[in-house]
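Both complexes shown next keep chain A, but they swap its partner, so chain B is in the first and chain C is in the second.
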Partner chain A sequence: MGRKLFLELENCIGCRSCLAACTQCGGHDQRNRNYVLDVNPFVNRQTMPLMCLHCVNPACARSCPAQAIQIHETGAVLSALVEKCIGCQNCTISCPYGIPKFDVEQNLMYKCDLCIDRTKDDIPPMCASVCPSNTLQWLTEEEIAEKQQQHEMENGKWVTSMPYLESETNVKINLPGILQGKEKLF
Partner chain B sequence: MLKDKFFREIENKEHPNEKLIKTHCSYCGMQCGMNLRVDTSSNKIIGVEPRYDWPVTVGKMCPKGVTAYQQTNHKDRILKPLIRDDASKKGTKEGFREATWDEAYDLIVNNFKTLQKEYGKDSLSVFSGVSMTNEKCYLTGKFARVGLQTRYIDYNGRFCMSSAAGGFLRSFGVDRGSTLPWTDVHETDCLFIAGSNTAECHPTSMFRVWEVQNRGGYLIVVDPRETPVARRADIHLDLKPGTDLALANGILHLLIENGYADESFIQNHTNGFEETKELVKEFTPAYTSELTGIDEDKIIRAAEIYGKAPNAIVMFARGAEQQHKGVDNVSGYVNLALVTGKIGRPKAGIATFTGQGNGQGGREHGQKSDLLPGYRKITNPKHVEEICKVWGITPDEMPEPGVSAYEMFELMHNKTIRGLYLLCSNPAVSAPNLNFVREAMKNLDFMVCSDFYLSESAEFADVILPSVTWAEDEGTVTNLEGRIIKINQAQEPIGQSKPDWRMQIELAERLGRGQYFRHLTSAKDIGEEFRLATKGGNADYYGATWDKIDQQDGVFWPCKDEEDTGTPHMFLDKKFYHPDGKAKICALPYRPPAEEPCEEYPLRLTTGRVVYHYLSGNQTRRIPFLKDMCPDPYVEIHPELAKSYDLSHEEEVRLFTRRGEAIFTVKITEAIRKDTVFVPYHFGHEQSINLLTIAALDPMSRMPEYKACAAQIEKLGVKESI
Partner chain C sequence: MQEVRETPVAKKYNLDGAFASHFAKSMFLTVSGLFILSLIGTRMFTHIDLNLYGYMVGTLVFLGGFFYRFIAWGERPPAKLILKKGIKLLGRRSTPKTSVEHLATYKFIWNRGIFRWTQHFLIGWGCILSCLVTFPLVFGWMYFTMEENGYYTVVALGMDIMKVDAEGWIAYLFYNALNITAFMVIAGVCMALYRRLKNMQARAEQTFMYDFMPLYLLLFISITGLLLTFSNVFLHGFGQPTMSLIHQFSVIVTLIYLPFGKLAHIPFRPMSVFARNYREHYSEQSMKECRVCQSEFVSTEQSKDVIDVLGQNHLQFEKEEGFHLAELCPPCRRKYRISRFSGIPTHEIKVKEANQNAKG
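On to the complex of A and B.
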């Protein structure tokens, strides 16, 4: 079965290769659709990608009065349809992660579509393909379960993984801290 | 071959009316695999697609790699030869006019001939680089010695890899940058990484580095700054710039003291142990801590981890190498592996992160002032004879050894060298002590520069020859593992641009030396002669045919004949390349940096890269994404240091040393030592930090000490707020 995007935030090195690669996707008009943040730049060099999590019940689509935001059968929440988007920017306000971007000239929202022209055929999205640090990975459900299990505690709560943040998402995340409690080889 | 847990069979996305050309990145020594997307109607490169089936990098690329394709059809490309008649405009972009190849060649040949007639053959010089194929590197060495008949050839590897080379030659008797393939890196139990900002300079190594920790292994990072790789390290040894040798000696002392020395390995496979043991006794944790500024506890813990690790890899880069004791630092770190016997088997060994794309291959085959192809010495009569046979000259026609890169600028200053043919390099940004170097270039009677953009160095030229980008030519490159790989042509050269090898062959013809070059009509022809020239040398490529490289996903040298599949792991038989087959454990007395902080210049200045730029930035500063991400240099300062100078974030300050000064924007971060400031070196003109750096050269490698000098900051006048 198809793979999913998995984020292991601890790994991020801030190279922003994901953003550069985003522009290379066929449907992306040379514009990148996600973000990489400096977490605390005066203190250290920790960075993290802020990617569309492709919510199962996405606020952006729910808030769209024109039904311009379609959900692909893979679960990918697509970029606004040019012919339907009315440029109201409800989606940019409703998204809890601030993902949808807005092109003022075109009066059009654009966002991560998980490289749908690739992922529909189970080719990894550009960001996860190039990510040098394996912060972004393209994994099967079993691989993701295994990753998350490594950080599970006896009380049933993951150390660094949550079932989901705001609401259930198709993209899964391991928060920073994956090395806590890691059993050392020697 | 050598496919590991990260390798996955993935089909590439193919777009209509496009074809994919398999090749590698143009930039660093990782040489990440990539596919260039070529439009089949225009036959132009239009994009990039990951190369999932390349075993080293499995599709991964850094932002430089992703955008590398934008170089080829860039608006700044030089499309025709350029001539400048008014020498008073040297050092500026002004005064160039377009010319034909014939006119440019005639001008070059006339000037070269006149200079050589008047001042001797050695009045000409060649300054080259290693961001180009083995075929070009090989031919450049031959062109200098046979075409121009000058002794003066050297290359920008002196500013990059020469200390690693010197250290490996002394310790092992052979200089292959990594003793093992990169597919071993994530399988080791401890990585000891010194002076490498791996996450920014070799980002596609990072998934392997993190995997060591994910498996429960250890990561030790030595760096004055808490770089992105140091941030996650188990131990971050935050040393003062320029004190690596003290740390290496200190750790070696603890390894020996605490019983981690492998007596039988030392006995059977090394020389020099007793003497070294005596020398490092002085380097107690307390003394090491005093010299390096690292907490004693951390030094002790690092030695314990490295000592205990069943397998470990010691890795280093320019941080340790770009010092006036760079060679000693390298041998000092290599000592750790030799004394503990953690070498000569899979998952354990030594590696340097090669900075330039072909930093490995380019230093082996005759661009260095004293080397001939196959890592032969120009001072060894037998070696000279072997190469003379391939080149068709007699040994008395072989020029003497020349001088190192920086020393060539000294000879330009005093008019020993009067003409320069510069290719594949931008020393007006990348050399140290730039006021002196720029003056030297201005002082030349005649200078030719071959480049595909008008670099800061090209601004000093009388003639600029338009060369091609990596994607418009083909040939082989040797990556940081020592793996020979194939670069493929994706597009025909644009405008009237030509590959450097073609220019050299055409120039040789006009210089009356055509008989030694005219049988070479393609990169492949040069490759064939090049393989033959390496036969029997230490760096033997004879068996590495282009077909074998394709079939095997690269060939590790040495590869001696058709049957030989190459040598991914070095020293598996515990045989080193010194005549007695033993490695050398080196006793290395500590020396501080050439210029220590003082009252007048109390700060330690160190330099390095950012992830968005490559070398002098001549390429990456023109790529919109990379320029947006890092448009200008800056000076990194710890908040406490900033406070003592009353500086705030993004304020402009004057930074100066005994050699020069520049204005930089302050970037405040706790991720740097309080006594050290850092500036990235990728920028030109008045933004070059190398205006300030020191040209203290390593006595063996002639590497300048970019990584440590004494500096001072001056707060600029407070701007009146309106």
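On to the complex of A and C.
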């Protein structure tokens, strides 16, 4: 138990399998809640996935007047409770990563819930279970620590997560070393 | 050093000064209001149905819980903001239309699915109509008298409103109003239970206390209520006194529980009208331009409010580039994050995000 989503950003090949898989998660209603973005579209084909990072102190929930965004015991920041969401869209404005989506017709916000129907039983979320390039991984704390240790350089160049995020998150990220002028040895 | 505090000066004629707390004030005004309405409705307490006094006590306990829960909730910074501004904007011309769509016809639930709409409509209107029948009877705001044989006079707030034929169809609807609403609620609750057993997302997130309890309570009320009619019609009133106590118990327990669980969304829901007015009004005033791509994405007021609220929660998203993250439109905010990961100023490259919506 207690595994977490881990992103190795430079592995992304832009296949968008994670987006397609997201649509198939129970309750996602055939709509994906994650993103794959071009890094430098006029120069190369590098892409990176972006999804809710499940902040430990989530800005979306803090700015919600209705307390509609609940935090699951696993740490996942859930999508808005349908009966509470009043459609003010504060969450879409406050999220530092621009993740929540809003459905005007249904007057309802929806966002990545880390496939809570799966992850609560330690089954990887849809996106991680289909990722063909190991960009999205579902790892234990020890595995993540090992990964991070392996990537730490003495010159401090290969840094993980925090300085590049706004606050502590439940989803862990490995910054792309290649893009920082480091070569990764597979 | 000791903090110097301003001594509160009791102002003359200030209502707030008369009460120890917000809670005390709300409670006092509401109970007084109920008392005065009952005084008028029952023609100076000459027509009060003391059979129903249990419901009266239950309502008072409910009010205590209700004010406790919602005053505490209204102190949260984002809730406080939207409450204050929402009340000011209630005079908007679109308010009646928004209110009907949000609170009566549930158009937004229709857009979530016809099954869910039907289920919600049955439970929602079943409960609302039941309350509209029950509470006027409990507090004596409405009662029936029969002066000439065969005709009931409906008295509402002490005034004779209409005479109805005791055998007629209107009277039939009056007698059976609670039976009809009970069937509505039972049908709706069964649909909701079916969804909770079948829908995978619901099954993953639901808990017994939050999602099932309210449904079972509504079922408890409706079935014990219907059993009262059953015992009257088919059993010559056998077991009626006991059953009426059980029914009363079920209603009171639900009332006390109401402000604390899922059912709390009933008194809370008018907030969605506030939110809609808030967004519409301030969008007409002025729109905020994204600090990167200059597209208008939210009202200036809301952007400012969100930044305030985040500040009160000690979430500071000011960046060295000179903007607050809440001043960027969501696509630019995503690209900005990619730029933080990669070191390439992705957010300044003027290309729209491509292929973001997978077709499931």
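Basically, the second predicted complex is superposed on the first by the 166 of 186 C-alpha atoms of A that agree within 3 Å, B and C clash if a C-alpha of one lies under 4 Å from a C-alpha of the other, contacts with A are read in each partner's own complex, and residues count from 1 in each chain.
By definition in this document, contacts are C-beta pairs under 8 Å (C-beta built on N, C-alpha and C of every residue); 3 or more make two chains touch, one makes a residue touch a chain.
Keep in mind it's a predicted model, so treat the numbers as computed, not measured.
Which partner, chain B or chain C, touches the larger number of chain A residues?
C
Which partner does A:26 contact after superposing on A: first (chain B), second (chain C), both, neither?
both
Determine, under the contact definition given at the top, whether A:2 touches first (chain B), second (chain C), both, or neither.
A:2: touches no partner chain.
Based on the superposed arrangement, let me know which partner A:16 touches: chain B (first), chain C (second), both, or neither?
both
Name the contact category of A:124: first (chain B only), second (chain C only), both, or neither.
A:124 sits against chain B, while chain C stays out of touch.
Scan A:134 for contacts with chain B and chain C and give back first, second, both or neither.
A:134 contacts chain B only, not chain C.
For A:41, select first, second, both or neither according to whether it touches chain B, chain C, the two together, or no partner.
both
What is the shared patch of chain A, the residues that chain B and chain C both contact?
Comparing the two interfaces on chain A, one with chain B and one with chain C, the shared residues are 16, 19-20, 23-24, 26, 41-42, 46, 117-118, 179.
Spell out the part of chain C that touches chain A in their complex, as residue ranges.
The touching residues are 73, 76, 78-79, 81-83, 102, 108-109, 111-112, 199-205, 262, 265, 268-269, 271-272, 274-276, 278-279, 298, 302-303, 305-306, 309-310, 313, 315, 317, 325-326, 328-335, 337-338, 340-344, 346, 349, 351, 353-360.
Tell me, which parts of chain A touch chain C in their complex?
Answer in residue numbers: 9, 16, 19-20, 22-24, 26-28, 30-32, 35-42, 46, 48, 50, 57, 59, 62-67, 78, 82-84, 86-90, 92-100, 103, 105-108, 116-118, 120, 164-167, 173, 175-176, 179-180.
State the interface residues of chain B toward chain A in the complex, per the touch definition above.
Residues of chain B touching chain A: 10-13, 15, 47-50, 52, 59-63, 65-67, 189, 199-200, 203-207, 210-211, 213-218, 226-229, 231-232, 308-310, 611-612, 625, 629, 639, 649, 668-671.
Give the list of chain A residues in touch with chain B in this complex.
10-11, 13-17, 19-21, 23-24, 26, 41-47, 117-118, 121, 123-124, 126, 129-134, 178-179, 182-186
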